[in-house]
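Here it is, the structure in full.
Chain nomenclature is as follows: A, B, C, D and E, assigned in order of appearance, with residue numbering initiated at 1 for each chain independently.
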């Protein structure tokens, strides 16, 4: 479904990605791990066209998206969350979600100005959908709060909701469990599995919390200094000495016991 | 549906009251002139609000679009075979919108203060060009433009502007503009073509500014490039910010308040501008987010509130 | 202490104590008020009622500057590095209140030894660092003021597992050198394993406190925060 | 409803001036002249037994506001006539109200030819007057002066493209000068508040004109003279009544303020008692030298007073309008004024020369 | 050729004027990220203080400069405390409006107490003209002073912001106020310093420009204020050497457009060129258009 081939990205001397090859098959949850600064977030950024890679190409569902604009890629069905949360901070929780339906809107500007039936019907539909999504994530009660006033963990959830509202085929999650305690993390894991099934998603996931990665990912890619150093099932990765040395360390902390 | 009828009724009642007032003479010509100024300022402020408040694009060029509308109308209705006023007005708006498109496409790649400079620059270019076209009267302007519009026209257009803008804002298109304001990168990643929406806001805003300019020419009878200078843009911006960036009702209230304040200050000619500046500062200090912040006071809310109250 | 954001109350008569040389951890769910508590101690927020004492000195009315000068340093949530300054400049700012320049130089070296990654990136603008790199920088910057009390708000967030254990090692080491530590962690397991004592906070109220072992063995805590 | 209230014991004259904003310096000076004349008249018992009451408003140098205030003066304040504004733009805007409410508006200094004429019909606007000469007259005067007295054949022009005054003079000078066989070798424009002219002066210098014509106001005039001389341009520099302010010489410096000629309304050296009294009194009152704005505004009040007297009514705007139209040979400080059929003041111009910074009477040119 | 050189000299002189004002502009912007619209009016204030000091206190140039700088620094601090500080946590555009308010206040207050009419600035230094190439190229000593002082001030300012402790504090405050507080930086003091320095620069510029053109009036700050703002943005707003570069570019472009093109369209063409360049360098000449890290 998504294929990165020979992707290289450098920032004035710093090689953030070097010849990265990643394959994401439809319907899978794929993990992307690696030490800090390995280039994981950069992978997301090049997929979504926020940065254009210096070399290599990216294909999504048989079309080349390497040089496409971010919004075009989003319209094609890739959506993401951000490591440093980027909500529409001054808007309410509900509006954050409603905005995300835009790419599916069928009524025209003129319909909107005239407030005709078509407009009203569609708007009602989006409102209903938004509320449903918020309920799934337990944010419905807070729908009228400003996004910036939510605690960290809920902001992360809201970002996922917003990404889902664009009805993506591929969802990229950048450290969704950061800032959550083990119990919340557990809930999040279940939630991710649930939405994957419900919305028929493929998911690419960056996470440092190994309990999440090992539990829900079917395959894992490991990046170090911008290069893929390992690839495989969670069990394989857990045992890979290079990964242990560069990333996991000797301790068994972080794994669900 | 009932809500809509109610709103329509209120709009008509207000119109009737004012019209009657003018007929009877309770509203004399001087007050009427200032009411028209208020309506004009409402059109200018709400349309700039779409650009700067809703979409978050810092524009210092609104007066430039006004000039295009004003001059288009002035020329078209004084041709040997004059065009009807309202057709000219529409053409003026379209020309301004077109200018908005031409300018917006390249310029809106810039951000924040860089954009401000570029829009300021273009408005100045428009003004200087007009100033140097003798056919348009050059620096001395065009006078004795036949009057083509009066209170009714002003009122209807102002109401239409408010309705159209508010309907845009309260739709997915408006929300996309807000998304552009809040976070462009996030907006792009949910599939919003930020450039398109910036340009769209700019074009729509320019259209109404052009209409406003045309209305000015059609009632005030005299235009000069100098009327549409940088300070006019600033005046409009002040109204937008004072009312609350992103709040249409705020812009409306600010247009009313500032016009009235300015008129009242006529009574103290020696210090009017000194007082005006102090008032400006004080309002901002007490309401840093603008009079209404981002909130909206909706006519329907007021109505339903009153009904409950009864 | 009672602390408000405008009209919203975030902390309800919270009392908490940290003794010299201790590591104390504060655990609680999202939005419980942990960060709020730290912000109040470092003076970014002012409590409406209640008071804060540090070494018998009343901090309640003091400005953040005076609080930093008295020896408290805060690693805020979300890192808050200065994005348009280089790594070195960020670290130097950490020592802003210090006058002993040669000692500052030494501390700079120590930080770089602890975080070699930062040394590699020393002239890069902090805003372009990866999340984890920024986290290291934020901790390093706080250490530069040679605090006697260090407030850490989720220092392990976004760090690779190998670094998480390292961070906790570093916390222990800093503590061993005489710095008292108040630690907020989502990773309650780790936090409790390094801390002497712990507090549990729920919706703005302290609901439980005790030694780490006591807290860790509390069944409610186990269920809610330790993932089992 | 609109007629002037009969019971009033004073004659209310509206004043619509630029007291703040971009051209406040003109409006403030004009107000000095208006107040001075009014006080004098009132001290002597007023007109037709009634004192003049000035109803003063500040139009902020804003055209829309000029109309707003004219409307207010005409309807709410019920004044007999409106005095103002100083600039043509504001006056034209205010004139819209004057025509609508049939109230005379008389400008002390607005010079745009089109001011008093209807742009659509070309007819004289019934209620719009001025007491200064218009652009084409001054342009003519200076062109003739250049050709006949200075005997120059090539002239460079520097003007303010954003000012209708400056553009008007420029245009009319050009027409008259080329008609008389002269050649314009350069035409350089700048916009309001410019201070740096060396760029265009350098360009002009390269074209070697025999004289420079700079129809600008005194702030720019002083700077242009100075910067031109500093660049080594020695040819005569000419201007209009905008040069008539002692600051021109001060700014240019007496060393440079030579070989400068400008047309204006009167000469301070004119031995006429009226002129000398005016200058003396003004100096006493304001500790300053009068300029063209002060002088024409001073005359404005006397001219209106004279018309009121002839109209023999302190209330009737229509009678006043007629009386204004009939003004003939009114002797003011700025010359003997006749209002012609275009409602312009017809009067002689004088040409002043600056010699070492001192204004010297050069010649008088009759219309 | 000599015309070209003369035009270049003219352009550099005009550029120095813009740059001198732009320095303070950019400095305040760099720290507080808001356009201090009143900067041009503080410049005007400086000119008037210089004028009063020269006429009534009979001070010499240095005395006038110091008087204007001190007075403007105080003014800047007071204005900041009254009109900007209460809005520190509000949108930047709100502060822009109070800045416009302050600007209007200063202009109109001066028109009220000093009169709207212009004043002639006393000649504080002996004027000298230097002629080259048989008098075809003229430079005067005031132009030279203006240029040298502008460059020196730029270097000093750049040093302060880049290398001193207070400079670092300023930058820290500009990037994250709360985090700066946690470093023990006194926000109020830092901002006061910023305004003091920026405003005293404007004051100095007022005196120098007043001296150079020997004309001052209450609105003299408006146009140079806008031009300096443009220069600052053009050079990369917040970047101190950018202010200098932007000022010179603007001055030279304007001079050459009117010297070789049509002076009628000077401002329009100059603007068009600036906008065009901005389209290719969206963060100004020296501004780094950093790719935002997401």
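Here, a contact is a pair of C-beta atoms (placed from the backbone, for glycine too) under 8 Å apart; a residue touches a chain by one contact, two chains touch by 3 or more.
Because the structure is predicted, anything quoted here is derived from the model rather than measured.
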Both-way neighbours, i.e. chains that touch subunit E and touch subunit A: B, C
Reference subunit B; chain at largest CA-centroid distance: C
Label of the chain whose CA centroid is most distant from the centroid of subunit E: A
Subunit C and subunit D: spacing of chain centres that average the CA atoms, whole Å: 74
Between subunit C and subunit B, distance of the C-alpha-averaged centres to the nearest whole Å: 50
Centre-of-Cα separation between subunit E and subunit C, whole angstrom: 43
Centroid spacing, where centroids are CA-atom means, of subunit A and subunit C in whole angstrom: 29
Two or more partner chains touched - positions in subunit C: 128-129
Two or more partner chains touched - positions in subunit B: 128, 132, 185, 270, 273
Shared interface positions of subunit D, touching two or more other chains: 19-20, 161, 191
Residues of subunit B defined as touching subunit D within the complex: 25, 28-30, 33-34, 37, 78, 128, 131-132, 138-144, 146, 216, 220-222, 224-227, 262-263, 266, 269-270, 272-273
Interface residues, subunit B side, partner subunit E - complex: 52, 58, 106-107, 109-111, 113-114, 116-118, 120-122, 124-125, 128-129, 132, 185, 230, 234, 237-238, 241-242, 245, 270-271, 273-274, 276-278, 280-281, 284-285, 288-290
Subunit E-facing residues of subunit C, complex: 42-44, 63-65, 68-69, 73-74, 76, 80-85, 89, 92-94, 96-97, 125, 127-129, 141, 145
Subunit E residues touching subunit C - in the complex, by the definition given at the top: 165, 168-169, 171-172, 175-176, 178-186, 290, 293
Subunit E contact footprint on subunit D (complex, rising order): 19-20, 22, 24-25, 27-29, 161, 188-196, 198-200, 202-203, 205-206, 218-219, 222-223, 226, 230-232, 247, 250-251, 253
